[in-house]
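Lettered A, B, C, D, E, F, G and H in written order, each chain numbered from 1.
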Amino acid sequence: MLRHLPFEDLGFAHVDHHRPIRQGFPEVIYCPGKTNEQIIKIFESLAAKGNNVLATRANPEVFQSLAETAKFSKAHYEQLARAIILEQKKLPPSKSVLPIVTAGTSDLPVAAEAKVTAEIMGQRTELICDVGVAGLHRLFDHLPKLQKANVIIVIAGMEGALASVVGGLVSCPVIAVPTSVGYGSSFEGLSALLTMFNSCASGVTVVNIDNGFSAAVTATLINREIEAGSKKS
Amino acid sequence: MLRHLPFEDLGFAHVDHHRPIRQGFPEVIYCPGKTNEQIIKIFESLAAKGNNVLATRANPEVFQSLAETAKFSKAHYEQLARAIILEQKKLPPSKSVLPIVTAGTSDLPVAAEAKVTAEIMGQRTELICDVGVAGLHRLFDHLPKLQKANVIIVIAGMEGALASVVGGLVSCPVIAVPTSVGYGSSFEGLSALLTMFNSCASGVTVVNIDNGFSAAVTATLINREIEAGSKKS
Amino acid sequence: MLRHLPFEDLGFAHVDHHRPIRQGFPEVIYCPGKTNEQIIKIFESLAAKGNNVLATRANPEVFQSLAETAKFSKAHYEQLARAIILEQKKLPPSKSVLPIVTAGTSDLPVAAEAKVTAEIMGQRTELICDVGVAGLHRLFDHLPKLQKANVIIVIAGMEGALASVVGGLVSCPVIAVPTSVGYGSSFEGLSALLTMFNSCASGVTVVNIDNGFSAAVTATLINREIEAGSKKS
Amino acid sequence: MLRHLPFEDLGFAHVDHHRPIRQGFPEVIYCPGKTNEQIIKIFESLAAKGNNVLATRANPEVFQSLAETAKFSKAHYEQLARAIILEQKKLPPSKSVLPIVTAGTSDLPVAAEAKVTAEIMGQRTELICDVGVAGLHRLFDHLPKLQKANVIIVIAGMEGALASVVGGLVSCPVIAVPTSVGYGSSFEGLSALLTMFNSCASGVTVVNIDNGFSAAVTATLINREIEAGSKKS
Amino acid sequence: MLRHLPFEDLGFAHVDHHRPIRQGFPEVIYCPGKTNEQIIKIFESLAAKGNNVLATRANPEVFQSLAETAKFSKAHYEQLARAIILEQKKLPPSKSVLPIVTAGTSDLPVAAEAKVTAEIMGQRTELICDVGVAGLHRLFDHLPKLQKANVIIVIAGMEGALASVVGGLVSCPVIAVPTSVGYGSSFEGLSALLTMFNSCASGVTVVNIDNGFSAAVTATLINREIEAGSKKS
Amino acid sequence: MLRHLPFEDLGFAHVDHHRPIRQGFPEVIYCPGKTNEQIIKIFESLAAKGNNVLATRANPEVFQSLAETAKFSKAHYEQLARAIILEQKKLPPSKSVLPIVTAGTSDLPVAAEAKVTAEIMGQRTELICDVGVAGLHRLFDHLPKLQKANVIIVIAGMEGALASVVGGLVSCPVIAVPTSVGYGSSFEGLSALLTMFNSCASGVTVVNIDNGFSAAVTATLINREIEAGSKKS
Amino acid sequence: MLRHLPFEDLGFAHVDHHRPIRQGFPEVIYCPGKTNEQIIKIFESLAAKGNNVLATRANPEVFQSLAETAKFSKAHYEQLARAIILEQKKLPPSKSVLPIVTAGTSDLPVAAEAKVTAEIMGQRTELICDVGVAGLHRLFDHLPKLQKANVIIVIAGMEGALASVVGGLVSCPVIAVPTSVGYGSSFEGLSALLTMFNSCASGVTVVNIDNGFSAAVTATLINREIEAGSKKS
Amino acid sequence: MLRHLPFEDLGFAHVDHHRPIRQGFPEVIYCPGKTNEQIIKIFESLAAKGNNVLATRANPEVFQSLAETAKFSKAHYEQLARAIILEQKKLPPSKSVLPIVTAGTSDLPVAAEAKVTAEIMGQRTELICDVGVAGLHRLFDHLPKLQKANVIIVIAGMEGALASVVGGLVSCPVIAVPTSVGYGSSFEGLSALLTMFNSCASGVTVVNIDNGFSAAVTATLINREIEAGSKKS
């Protein structure tokens, strides 16, 4: 059964063409550890199908190389998110808005990755930035927006306590993203990761350190299902 | 605003009575580190509101003490899940079924905790047990059920690879629960936790080691929203 | 200079008699790793000076052995705090009240150790229990008391976020005590410890896991200095 | 209540203007992870209120960019402390002197951060440098100054034993700062951190690795309260 | 007995000339931590015996320096594998093919090191690249090749689950190589390492992170023995 | 293809009946985390096929319960190995002998698990016990036997150096098993594990801490292939 | 050469009889992980040579079993040190005294192991107990004795700072033994171990956590060489 | 007593002038974390006393700056050891030779630091390089030299097993230095450190990762005492 799913073997990569069909995903390239040549070849293979393409953790040099091929005039580079985006078909916008909340300004790059990922999948997003627990009044100002959401992404480094606090204030699922922001005993995100894992608030689940992409994909999956209604109904 | 939410101060505990209202939760007691006397007092305070009550990680002795009070004739003890359950109002059953999948037989206690938690919140569940990646044919037999679900709980110890494999086979969110099953370099669940965190499959989020309760709450939140439709629509 | 400070050499211990003079401390015995015989001999040596004596982390058996000597009729045992207390001279009570705040009911034993330690040193204390960040409204009810304090002890296990939140709400020093309450990736207090260390709130310092004693001593030192006024003025 | 506290939303940051009022703090920017443009905008927002401004962990390039705006002629850069300082109102000097003690010469940058932080908050400080435990006679020469202090900051890397030794010699609170100085099994400050955490001396509390800023804020909070006398008296 | 084995003392290195005889190995230089001068001298000493020489983890500069000596015209540099290869005697090709399987494209450098190592020892290899568990259908397409092998090398970073899955599908030994590919909680290969170690599939053994060389040597040892038949028969 | 492999669903376990066919394995039960009732039911299901059955990490109580069923008169219990063995068909003995080498006497239980596992799969074994590197002359006495083997299992706790030393003395694959023997900084086998992982000797691969079972299965797979000759020849 | 050294193969142990000859050691049995039967057999084998025998980490039950054999009337049990001692030949006492210094009373069991080990090897010892760095005046009282020693053993748990302080006060080698005394972030001795490793004082070397035996053997080796004079002179 | 020891306060450093007197040490500067200006000032202060001066972990730039002062014409730079050496008085050479043994060529920089340190303190040394346990015959060739030594330094990275093996072959103290040589799970020296710590061979003590300096100081202390004879005799 699985063996008839479409993919293309480039030698150094098995490019998978059924995910966009199956999950409404863009085609995605995770850039680190791949050469510019490999990325361009995978990009070409993916773009040829007419789908949206997203390349994450891309250096400016990668985009430069891609631009020099002059093949993808519609592709653009989001610097803060370190993402290359080729939007070949516009998805209909979500009804509800996905809040992306950060504890500090330094968490912005991860939030930006989450934002471009969610948006290319059709989500409307709102960035609420720098509302960490050391000054709760900043968060409370945004509470009505949070309580209206179907799902929320919370991004925090250092002590990562924001996810627990938000989780205790809302009744929807919260996807927590620890970030590597911090120093000393933050241990490159480990402290925030453990805090989020041990959250006393129900409804909080966690993704890998700095993984804005994965948080956005999961949030989108959830929101789409909600807006579409249950498979069983 | 927050200050007018109802709670009761027992001296050793602030019993919170608005969560059941806000989230459709049962009232919940996490037992470890509390004396039997404390648990019984909190139980009484919660039950008095007429809601469902769930006590997790409860030793048989805790239930024994509770039973001896002769106040909660409807409460019963689920041994495998180590949970005390008092169902005072039956919630309407969910339309869709929540699959709870385990890698091995030894992961059953965590699955049982997830099962009683989801069920007291009205979810219909199905346990699919002992289908770890070392024998994939056992998993594939259950694939149709998995692909019909709105959300899936995957529970695995040792190398924890099952969450990634399931995540790659379905298009709904997967909530992964690492377990402390294993020995040697499994480091009491750390190995499974890291595996799940680094999952290459999109849509996989993770909760704390052995935390079947939290996985069930989140899965229920998601499924309820899906069956209810979006807040915004 | 240092060499003329008084101590007594019991062979297995150098009992230090100048600390009570120098710091207004009770004489203190940390019990783990000592035999009952050793503890009793040290207790006798300390009590003979007429000062207050505190034995921490003492099992009931230790107190039983001590009671059987029939030498310290005024000594009593605090079960929750696991402490033996011999109050031979009552210190004048502090003017201000020291709040001891816990995130959960399971943190009570550590809070109890902090409480008996602070009280034998003359501090008036108030226990505010079970006000963790998953339900902030419980904490906010106690805010006026917290904002009046000279120094606050915050005790939390699991994700330990309460210290940051309190630190952001008050303008006095906060002494944070991580506890070993939790399971899975709480790693016996490590998660709470790291959270507290990485607190974004200023004025938060941290002591060892479960070390209610040390938090109480430091809080008392600070409060005494405040109530006495500066050495320099 | 909290919601009426003043802040300014710059999009990428929620600038908090009530802390200086509430705590007598300077306005503070933690620079890492922020772009030069963001830092300048936050700096402008903070300076506009007429308060003192402190930017920590600032590279020389950050100050260069700030200087090029020609808006803050009074701002200067402390190279060793990596801090930008804008002192718009001079606070009255503290009566007592705050000793800042380091184990080695390599701990100086952390001590310098503590020093500029304490001084902009009005503290008089004295740096006692390179008096680690491998040559105790160097420390003992400074003992009279230490024993006169209301609170002491001790900064040490490598084995971090200095905090325990100082804690045993004085009767005031000691704030310990582990540093990332060292190599091999110092594990970037972890060794010093653990040593300080396990200090047998009472009155020692710990802040994050290399966090001279936080130590200085806490020490200032304590000293101010002492010099002001108790809130309750 | 051991003392009569041949080696050459270069002062900074004891060059061992009996391994090629004993194990059918090439002479091998592990380059990191050695100066170019040292590497060239060891290379000369090894090449002088007429055997094949392999230098692993070699920067291009090392090969450049070697080439400038003009002594080894047959040596060439494999960029992806970071290896210098001097094949002075061609070994007869193995009868069976050694599959080298990777989870992702980013694992290619490690696979390349394994490939050149196995090939200079006479193994015929086949690279099967980018068939990680998030898209199992890509792996299944190659299953017949895997089931025909005498031994398989599986290379994976991130969650490292591929080794378990392959181990469950074949009946020959699997040598698993964790890679440092990944970010955040992959902890530079630790996550993949632990996953592979805790594999539930029998027949899976593990080598050091990124150690393609060692995996290839072991796989070759096994395959040679199989093709040669038992020593005892 | 995979979906037609035979298994039996007991509710709490998917009993897999094709492994014995596919790999010449006994049917195996890993006991920890399973109730006696579950183990007996799985045992019955496996034994009914007429194959050999091995239950590992079994307490004496498990065997006692099994014996009380009076269904498996031929099953016996190996105390040191903590294994229950039911040998229903005797496999032909291997031509070569598999050496199982331990560093210390305390490593014997792991060696015993390896021994019963290998023997029920038809391997002839020889135990060489207590020949750790602190007294190399003990090892050298057994060198001829080691150099004749097709594959060797080396079991060591504490510093685990024996695997490297043996790997340097032989030309066949070495399967290294770290054990949890030791104390202090052996960290329950982690020290031995890391040592073996970083072995400089080629041909050494590693299995999980205390995993004598897995080492024996892999060694048997290798030896069988060698004695059978290559699939391709 | 090595192969002619005497040993005895008991099956489960290779008893080594040349160490006593080579190093002036007693014959030594490390008990954990060995059965009583094994320990008795090894003890018999060792005692038969007429040398002194030392069994370390022995439970009282082990000695009980040994006593019941009625074969070693001169063997006695040191409870605190958990050691069985059979002194068959008395060694001449050392000229100098070996100081064994502990930070706390709880470190006594490790000190006792060091003491019995050193004494059976002929060393005169002096125990200086409970002189940790939180009260340096207790240590300074013993300074003359320390400065006269040829080598010193320092034993400390918790923060382990005593080794650095002693190392800075004397000019002879210091052997540091971290102990597992402590709680919370002492991590069973890891904190003390790291502190000692990062000691700024020269001449300090470290042995495994709680390893009083090894410290005593090394100290004895050093002192013997000093008292005997150089091999070369 | 201690307070009359000579030192010089440079503001950023307390230069200690009694160590050379007390321990026969050179004056030593540990360079990392100090500015060139600070190093030069300390160097001047030390050199002015006429003693030997050693600056460790010095970059070439440090030496360049020092040379440009034209004040220390006799100072020279040892590149491999990264040390600056000013020998103002030649110590008499030791009678015995100190062997410095390394497992690999990559351990040479640490060995070089040990060598220059020991030599400036008057020790005659012999470097035995690249004799790791994967080829024991290389080590055995040097055994007679090792067995003649009073004390031996063993330096090894990766698995670090060499210290145990040497410790089992000689009867003098062995000082083990783990190095950060290796990759993957060597964790920058942690693997070697743990191996050495858990050594089964008696007489092995350990210093910090890469700390050739400290090993040389301790070895010199021991050898000097041996050649001088006991203080007590």
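One rule holds for everything that comes next: contacts are C-beta pairs under 8 Å (C-beta built on N, C-alpha and C of every residue); 3 or more make two chains touch, one makes a residue touch a chain.
As the structure is a prediction and not an experimental result, all values here were calculated from the model.
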{"item": "B-C against D-G, pair bridged by the larger set of C-beta contacts", "value": "D-G"}
{"item": "Between chain B and chain D, centroid-to-centroid distance (C-alpha), Å", "value": "44"}
{"item": "CA centroid of chain F to CA centroid of chain G, Å", "value": "36"}
{"item": "Interface hub residues of chain G, defined as touching at least two other chains", "value": "2, 104, 135-136, 140, 169, 184-186, 190, 193, 197-198, 202, 208"}
{"item": "In contact (per the touch rule at the top): chain pairs", "value": "A-B, A-C, A-D, A-E, B-C, B-E, B-F, C-D, C-G, D-G, D-H, E-F, E-H, F-G, F-H, G-H"}
{"item": "Chain B contact footprint on chain F (complex, rising order)", "value": "2-5, 7, 11-14, 16, 18-19, 30, 32-34, 38, 42, 178, 180, 188-190, 193, 208-211"}
{"item": "Residue numbers on chain B that touch chain A, as the complex places them", "value": "1-2, 22-25, 95-97, 140, 143, 148-150, 169, 171-173, 175, 193, 197-198, 202-208, 213-215, 217-218, 221-223, 225-227, 229-233"}
{"item": "Chain B to chain E touching residues, read off their complex", "value": "103-104, 132-136, 158-161, 164-165, 167-169, 182, 184-187, 190-192, 194-202"}
{"item": "Interface residues, chain A side, partner chain D - complex", "value": "104-108, 127, 129-131, 135-138, 140-141, 181, 183-186"}
